[in-house]
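Both complexes below contain chain A, partnered by chain B and then by chain C.
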Partner chain A sequence: MNPSRVFVFTLGTLSAIGGFIDIGDLVADAQVGARFGLRLAWVTLFSVAGIMCFAEMAGRVALKTQRPALALARSRFGPRYALFGLIGSLLVTGLLITAELSGVALALELASSVHYLAWIPVVVLLVALVLWLLPFEAMERIYGVLGLTMLVYVVAVWKLAPDWQGLWSSATTLKPVASESWPVYLFFVVTLIGAQMTPYEMFFFSSGAVESRWRPKDLVEMRINVIVGFPLGGLLAIAIQAVAFLVFFEPGVRVEHLSETALPVGIALGKIGLVIAIVGIFAATFGATLETLLASSYDIAQYFGWSYGKLQVPARAARFTTVTLVLLLASGAFALTSINPITVTIVAVACSAALLPFLFLPVLLVANDRELMGELANGWLSNAVGMITIALSLLVSVAAIPLLILTRGGTA
Partner chain B sequence: MTRGAVLALATLAVIAGALWYLQAPPRSAGAYRDRAANVVDSVHSQVQVARLWLGAVESGEVTHPAAIIALQEADDDAARALGDFEQLDPPAGTDEVRHRVSTLTGEAGGALAQLRIAANRGEWQRLPRLGRPLPRLARRLDALERETSP
Partner chain C sequence: MSEHVSARIALLDKQIVDRDRLAFGRVDDVELSIPTEGALPRVEALHTGAEALGDRLGGVLGRWIGAPARRLRSDGDAPPAIDPELVDQVDPFVKLRARFHELEGVAGFEHWLARNLVERLPGAGHAAE
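Right after this comes the complex of A and B.
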């Protein structure tokens, strides 16, 4: 095989890792690990299977039609349904942009001890510069490679010398620990699904495939990105749950800050480990800021049929560029109100979980359209996993908001 | 009125109800004790986090900027939890709960504030001595949480 092709595969895979681990995962995984051990690791396995299935479907639709899944969904379901999806998705992703921006600032705060609010304008400027100056491919490569430093969490699990039998026992127990109630357990099921199956990952992947000008001949490359990238993200998520369990469960710590997500790595690997973890958190949240921002702008541009994309010069996609800039500034301003970014994250992922089936269903139907998709239409495996994911996400959707209220965001 | 308007009004009513539920002060003794136990649990968690960071600082496992931020967050969270709790009016028969929770969480908050001040001043050699009361405070908070839970 041509070495440059292998390199392309690797870079695409790294971008998928960056898409999976964002502020929502960092917070939710550490919270879950500290309170439930690995008793919710099954949720991560389900989420990985679900997001792999739908990212692959959306990618396949983009390969075949050169159009992102959301744009096709609009023509299939009509503008009203698409508008509902757009507004819902924008509300959640808008909150997530704020949370991701704050996550980058919190990583810089940990590195410098300068308050995170002072970093917000700097981060906004940095994001704007990266979006303006860097080509799409270079952008995803840089944050993808830096995001690989998150593998330090996997090393930390091994260095903390856990009782592997105990970890396995925790992972195979599908009920809450004695100190937690079933509603709180179920709320965290919803939170993890919302954090790990975020629709923006699917939309970004699909729009990114169009941006990268993938064609049906790139099917294998696209599938390798999905098959290797998302499970690697899942591995990192379970590693974060495991280190939080090993360090925080026994003392009874409730994770409420990003600093607590980084601490177990410091305890396991010392200062170097902590610094690598902070670099990883910076890279993951910075990459996720770019993804959420672009995904929101793609959604708006595709709904209204505007010219869009990073590959075009800004003047040729003026409305797309303006929307991106306005979203960035508005999210930065919202973050500067000193609203707690962790609370924003928890609310955003719970709302994201509530929207899942409405955003997944159109993709499933479009990918099943044999007239449109031809030989790239869904097979039985995609349909089976897709249907199961939608059925479970419907349950999650119904339960998400009542559980958020009933458990006061998991604090009850 | 159109169906859309009815739906929008119903959604607004649900949101308003949810916000009221989330912000409403506890009316019964049971709800108040529940809130008190949550506050004690939160402060207990901050004390334990501070202990972990202190241990990591002593062993040279973490950087000072990260430790400064973590100790600041522990102090802020404990102070906020106590402040929010003290604003609540205790229902009849729960004055003793309020007194015990306020006293102990106030003591813990004081200890966390000392740590935060020393870290901000860069007086790292003082931290082990300032952290000595934390294990006992954690045990007392744990016991109080169990006694307070309804």
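Right after this comes the complex of A and C.
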């Protein structure tokens, strides 16, 4: 590997971290940690394995065909199935744009004490400027490097000097704590899966591979990105659960605001720690805003076959540019209705969980098409992990909406 | 195109790109004709755009998708169609010999948005370059 290749691999890895931790994770992890300790950490392990498998598969399809996996879905499975997938993922990812935008604004509120609603227009403008001015890789790099500050959560776990034995026994107890019911426990299983195995990561990863002009020779690089990036994201997720457990579980504090996800770091590491955590939250949610927004416009453009992406001048992708702008403004307007961003997040991730198998299945089928994929078709490992993930996500899919209603979003 | 291939597999829903590989739509429908009784069907035109897609999907959803495109089309203009003579290759994309900007009546909304919105923004470049 020459130095420039090492550099490129770092970029992709960083983007995988930034893509994994977003508002959904921050909220779900902190809530889960505060209420269940590490008793749901196994869900994160499962989610990491699942999303790694499908991101790698979608990445491989993109390398081989120079087309994102979902762009192939329409010509393979017909316009009806693809339209169903498009509408479903737009509903979920569209809600997430609003949630991530609010997350950026909330991070700015933490830093400035100015109400987050006042920050929303500023954030919308900032997102528009970044999308307009920065090339794809610079964008990934900036929020990726800033996202590394999230590692402060791992440091905070050490600093809180936990009883490691207790953490381990919490992580290995696969049932709710005495004060919580099974439906609520299961609802948070669904929420964590929805927050961590987000299909937009897979769409964005494969569209990003196309935008970065990756080719079959970049296979190893792509796999390193997956193998390093997503587990690091998973480590951060478990660290957020752990600090929330250590600080909030005993006093019985329920996480209802984004600030409470940063608070444990402040307690462990003081003001400096809090500042670093806020920078991390800002970077993660800002990066996720870009990802969810672009993933939504990519989806629409690919379904209808429009030119898209940042490789063209915007005037040569006028419909794509317009859709991106409209989605951004609409999400900003929705956020300004003062709808609770935490509620939006929880609903979005639960719906995302319900859609998972329908969005994973086409990728699995395309990656198995030997005529299309040649020597890059799925091996037994991808197929085994992929099938298990889809089988379990079918269960999650059936249970997601009933649990959302039954537990009133985990508040019952 | 005189080869005998399955239009459903070879054409329908495929990405269409122009001479410079600029994507602008998909094959949303294929118009066939049967010259004489018992003869093989011939491709008369490739239809692209939401109107053709909506008609093909049918039902309420199809109407919703097709209606805006139908309304936006000027009275008297035919629905967007591509002459199969312009098709250079069909795999993996339907690639045309012409440039997108030379095709009349195809993806009118793209042209309109480029002209009236996107090109006016600073640094957007020009669609025809």
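What we mean here is this: the second predicted complex is superposed on the first by the 412 of 412 C-alpha atoms of A that agree within 3 Å, B and C clash if a C-alpha of one lies under 4 Å from a C-alpha of the other, contacts with A are read in each partner's own complex, and residues count from 1 in each chain.
Here is the rule we go by: a contact is a pair of C-beta atoms (placed from the backbone, for glycine too) under 8 Å apart; a residue touches a chain by one contact, two chains touch by 3 or more.
These numbers come from a predicted model, not from an experiment.
Steric overlap between chain B and chain C is absent once the structures are superposed on chain A; the two fit side by side.
After overlaying the two complexes on the shared chain, residue contacts for A:R74 are found with chain C alone; chain B is out of touch.
In the superposition on chain A, A:I267 makes contact with chain B only, not with chain C. By the touch criterion defined above, A:V247 reaches chain B but does not reach chain C. In the overlay built on the shared chain, the residue A:I405 is in contact with chain B alone; chain C does not reach it.
By the touch criterion defined above, A:S259 lies against chain B but remains apart from chain C after alignment on the C-alpha atoms of chain A. In the superposed model, A:T173 lies in contact with neither chain B nor chain C.
In the superposition on chain A, A:I278 makes contact with chain B only, while chain C stays out of contact range. In the superposed pair of complexes, A:E109 makes contact with chain B only, with no contact to chain C. Once you line the two complexes up on chain A, you'll see the smallest CA to CA distance from chain B to chain C is 8 Å. Put simply, chain B touches chain A in their complex at residues 18, 21-22, 34, 38, 41-42, 44-45, 48-49, 51-53, 55-56, 60-66, 68-70, 73, 77, 138, 142. Only residues 12-16, 22-26, 28, 48, 50, 53, 56-57, 61, 92, 107, 109-111, 113-114, 117-119, 121, 123-127, 129 of chain C touch chain A when the two sit together in their complex. By the touch criterion given at the top, residues 109-113, 247-248, 251-254, 256-257, 259-260, 262-263, 266-267, 270-271, 274-275, 278, 401, 405, 408, 411-412 of chain A touch chain B in their complex. Across the complex, chain A meets chain C through its residues 65, 67, 71, 74-75, 78-80, 83, 132-133, 304-308, 312-316, 318-319, 321-322.
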